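Next come two complexes, and both contain subunit A; in the first it sits with subunit B, in the second with subunit C.
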Partner chain A sequence: MKRLCLLIIPVAFSLFSCQVALGVERFPPPDFESGHQLPQTTYPPAREGVYEYIDVAVLLGALSLSSYLVLRRRSRREIFALMLFSLLYFGFWRKGCICPVGAGQNIVLSVFDSSYAVPFVVVLFFLLPLVFTLFFGRTFCAAVCPLGAIQDLVVLKPTAVPFWLESTLRLLAYLYLGAAVLLAATGSAFIICRYDPFVSFFRVSGNLNVLIIGACLLVIGVFVGRPYCRFLCPYGVILRQLSRVSKWRVTITPDECINCRLCEDSCPFGAIRGSTTDWPKRDYNKSKTRLAVLIILAPVLALSGALATRTASGWLSRAHPTVRLADRVYLEESGKVADTTDASLAFRGSGKPIEELYTDASNIQAKIGLGSLIFGVFIGLLIGVKLIKHSIRWHRTGYEADRASCLACGRCFDYCPREQVRLKKIKEGAEGGE
Partner chain B sequence: MKNRSSKIQSRRELLTGALRYSALGVSGMLGGWSFVKKRRLKRQGKCINAGICRGCRVYERCGLPAALSAKQVLSGRKRGGK
Partner chain C sequence: MAENKNNITRRNFVKGGIRGGFLAGLGGLVGALIGKTAKTHTVWQIDPEICIACGNCATHCVLEESAVKCVHAYAVCGYCDLCTGYLMPEAKELDTGAENELCPTGAIKRTFVEDPYYEYTIDESLCNGCGKCVKGCNAFGNGSLFLQVRHDRCLNCNECSIAAACPSGAYKRISIDEPYLPKKVGRA
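So, the complex of A and B:
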């Protein structure tokens, strides 16, 4: 019953939010010709600088506490409590902004645009979780990220995703990261912010399509643990890689794995890897051949990726407002469309020559074309590396949390009999016999 | 045999340590560079952007992608009657 309520509440909340958005769009736009005065849009006053630093302090405190709870206290209950706090503070109180996931775009823009400087608070929001991951693993994902927290609440009936499917779906996150970097670097758009699926919930308003995507992700999240974190989060991609070299990491057992296999199915995110057995000689030889083929194939994949994204660069470049405007003006000039838009009217009103607009647009398109090429090579190589990785047999003597995939949620701790001994819930020696 | 595996282990630790501190160094450099750039632009009177649209003082006349995205969302909402 309690689980059913937990399922109904987020779904009802999602539907309610969509209803608000639908209700808004049902009304026709006001008739400007009838003398209706459109009310002036108001914006909240600038937040005092000191509050921004309070946010940074809260982030620092939450990261430190999360790392302590995951690695020292090993308490799922306390991790869950901190996760709820983060959801309330960074999610509902701070409305999901500023968040480290989107902050990366500001950093990228700052690197590529000489006239843009990113605020130091944004830099800290981006870097602090990365630094913590380098030392303690993904403790940010465990209990600090509000996007992860909202999904963690709905993990009710998790099912195992086959490894090949998980690995393939994870490519989406790389694609998303690549596209976000490309569009931010060229000053086109901040797509991570625009398509953030859960910010609309935190703000109880937003684009209807994004709200529906968020609601769908939450419904999927009931059966597939944290789908956004695992298959889409672009920040998660960076955290995954940094987590591989972290100084300390989550261990299922507090001391030594006894291979009891009790933890095997405890992870809803499929991040537990079992102990390995020796390979039969025949398989080993076959795998060596496959590895050689894949290494040769890697440059071909890189080239194919480059070709694919080069083709898509025209579509990607339309994300830039100047390119869109140039396209529109071209259509109007060539008589292919009869009406005008606000943007084209404003452009004509500015007195700027059309040729200059076309030149600007073609420069931007060239930049996006080059970026797409690099992006394609990166994706092609990534697929190659993933295939190569699957041809290599890793040696493990016990059950362990995968360094990259483990979200440090702490669910597996209680399954380990050695942990029960540590907590003095069972006696030493009982874990093997009962 | 044990000696060999411990050698591999220590080599692996050395490599991960090197990667870890390199990443830390890059992060530190990025942070430092951002700080210096911001100060430089401020000194030149060019730094007007607060980076985050929510609460930004120059949002109205800002042409950066984040602001354009926010304006697009807000204009959509305005058309919806809110």
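So, the complex of A and C:
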């Protein structure tokens, strides 16, 4: 019997291979004489949709509580506790998905791609922190964001980053945001999610390269407070701008700054700006000329930014799977490569005409080309505006948290003697040493 | 909160205006999106008609053990003795010896029903979603074996790593209310 079977196998295979193209059952499902009942295929249910709304409720609650703790309670200890909760809930329990940082990409894709419907929960996740930031400052960063929380835990030996370096490194975040928006809008990839450095820690598994990036950021984070938040986070960039016009804000002192400078070094994120003195006349005149030059320079920068990204757009467009596939198929068609890939085989199997693929790919490339032009102008202008901003002297009479950079962590509160008075830890008047 | 006690200064007025503008902008964004938001949350799933069982599912999932498993639609299965999803193409013997089995983890169990029919069941705890059996079954059989994202395991990442690596574009987001795309009898 076995011998017979062995003979049959090759014959059978060759017979069956003739019928590969057919989609219907090649062998009719049997009628069992023994009355054998077919087992049921099990399909474990997805997470109930209602839980997604529970996540939104937790986010709303955490944001409200964070704002209350930062602005009213002014308690670092309580902010820290809430931060731990958020790390456990949004990080380790929900495994970092979905998060407001990545949700923006879904919004962008939904705006540009008519066939993609963004789930309502994702819209809420994106929106709630923005609205809260408009009213209370970056309280989301303080105690709700799990990515911020995991970095906040390792801030052990913070060192000051020079202002020029901080400001320059922050350009990375704008670049990241621009690239993320561009690639999300064209449906190429969600790079914020793909290169989310800490999500592998939450899941205790993931892509090795991303895991290494995350580990490096945590090691850097021991010495430079929250490097991802300050220099890379694309959502943080949006929050920065909204925080500038927030209705309420973090204040180091509960009432009035007495310029004691005790808080000066308390911020591990370099967000405290001191009192300013007036400029000498000579500096003032010099800076007026500089400002004029910089204003003229801004359009030049915008143009060169556009040129730079125009050249990079070919590389950027390779992030889109259709473009990659078209490139590959072209190489195979023109005989430049002999082998095939899974993707090109699958494409040929689908029966779609190659011309259609080429048209699709060039459409996408055109879109990415246009997008990267806008992206380049944006980055160029941004550098110009940054330069202009830094050449203007802003007037400050006391020590305050920079509206944009302050992550509302609450570390500086305790350093302020006025805060100690408020908490009745020291008596009124005791702080004046003079 | 000290700032708020001040009278209206020019700076505060401008800030309030910009804030209002931002709020209006966000409101406008929501308004524009509200018509096309999906009522329900979405999950990732593999369209078995597009899937080519390349094996990426086993290796590209962010989970150590992939969320994708092989699923068996019994009603589609021909209950063949000579199952090309179960046996190696060049199998020496037609029995349950490991060297004859296509499945690298031995996740498919073969039980005798009645002559000449055998039933194949998948031990999901052993399946790694490599799709070798799916390929075999699709090539010469009814295609009753197919890969599906198992939602008890899937983390529903915003960008599915397997979807990004899928060569045939078989991954799609579908409504959480009907989170599977099972194979059915009599598909055309």
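Throughout what follows, the second predicted complex is superposed on the first by the 388 of 434 C-alpha atoms of A that agree within 3 Å, B and C clash if a C-alpha of one lies under 4 Å from a C-alpha of the other, contacts with A are read in each partner's own complex, and residues count from 1 in each chain.
The criterion applied here is as follows: a contact is a pair of C-beta atoms (placed from the backbone, for glycine too) under 8 Å apart; a residue touches a chain by one contact, two chains touch by 3 or more.
No experiment lies behind these values; they were computed from the predicted model shown.
Asks: In this superposed model, does subunit C or subunit B come into contact with more residues of subunit A?
Replies: Counted on subunit A, the partner with more touching residues turns out to be C.
Asks: Does subunit B (first) or subunit C (second) touch A:190, or do both, or does neither?
Replies: In the superposition, A:190 contacts both subunit B and subunit C.
Asks: May I ask you to decide whether A:212 touches subunit B, subunit C, both, or neither, giving the answer as first, second, both or neither?
Replies: In the superposition, A:212 touches no partner, neither subunit B nor subunit C.
Asks: State whether A:341 touches subunit B only (first), subunit C only (second), both chains, or neither.
Replies: After superposition on chain A, A:341 lies in contact with subunit C alone.
Asks: Classify the contacts of A:109 with the two partner chains as first (subunit B alone), second (subunit C alone), both, or neither.
Replies: first
Asks: Quick one: is A:71 in contact with subunit B, with subunit C, with both, or with neither? Answer first, second, both or neither.
Replies: Touch partner of A:71: subunit C, not subunit B.
Asks: Touching A:249 in the superposition: subunit B (first), subunit C (second), both, neither?
Replies: Second partner only.
Asks: Who does A:172 touch here: subunit B (first), subunit C (second), both, or neither?
Replies: A:172 contacts neither subunit B nor subunit C.
Asks: Just to be sure I read the superposition right, which of the two partners does A:134 touch: subunit B = first, subunit C = second, or both, or neither?
Replies: Both partners, subunit B and subunit C.
Asks: Intersection of subunit A residues contacting subunit B with those contacting subunit C?
Replies: Shared contact residues on subunit A: 24-25, 27-30, 38, 41, 43-47, 95, 97-98, 105-107, 110, 117-120, 123, 127, 130-131, 134, 189-190, 193-194, 205-207, 242, 244-247, 321.
Asks: In the complex formed with subunit A, which residues of subunit B make contact?
Replies: Going by the criterion above, the answer is residues 16-17, 19-20, 23-24, 27, 30-31, 34-35, 37-38, 41-42, 46-47, 49-52, 54-57, 59, 64-66, 68-69, 73-74, 76-82.
Asks: Please name which positions on subunit A make contact with subunit C in the complex.
Replies: 2, 5-6, 8-9, 12-13, 16-17, 20, 23-30, 32-34, 36, 38-41, 43-47, 49, 52, 71, 95, 97-98, 102-103, 105-107, 110-111, 114, 117-121, 123, 127, 130-131, 134, 189-190, 193-194, 199-200, 203, 205-207, 242, 244-249, 251, 255-256, 321, 341-343, 345-347, 349-350
Asks: Can you check the complex and tell me which residues of subunit C touch subunit A?
Replies: By the definition above, subunit C touches subunit A via 1-4, 15-16, 18-19, 22-23, 26, 29-30, 32-33, 36-43, 50, 52, 54, 56, 62-64, 71-80, 82, 84, 89, 91-94, 113-114, 117, 119, 121, 139-143, 148, 150-152, 154-159, 161, 164, 167-169, 176-177, 179-180, 182, 185-188.
Asks: Where on subunit A does subunit B make contact in their complex?
Replies: 24-25, 27-30, 38, 41, 43-47, 95, 97-98, 105-107, 109-110, 115-120, 122-124, 127, 130-131, 134-135, 183-184, 187-190, 193-194, 205-207, 242, 244-247, 321
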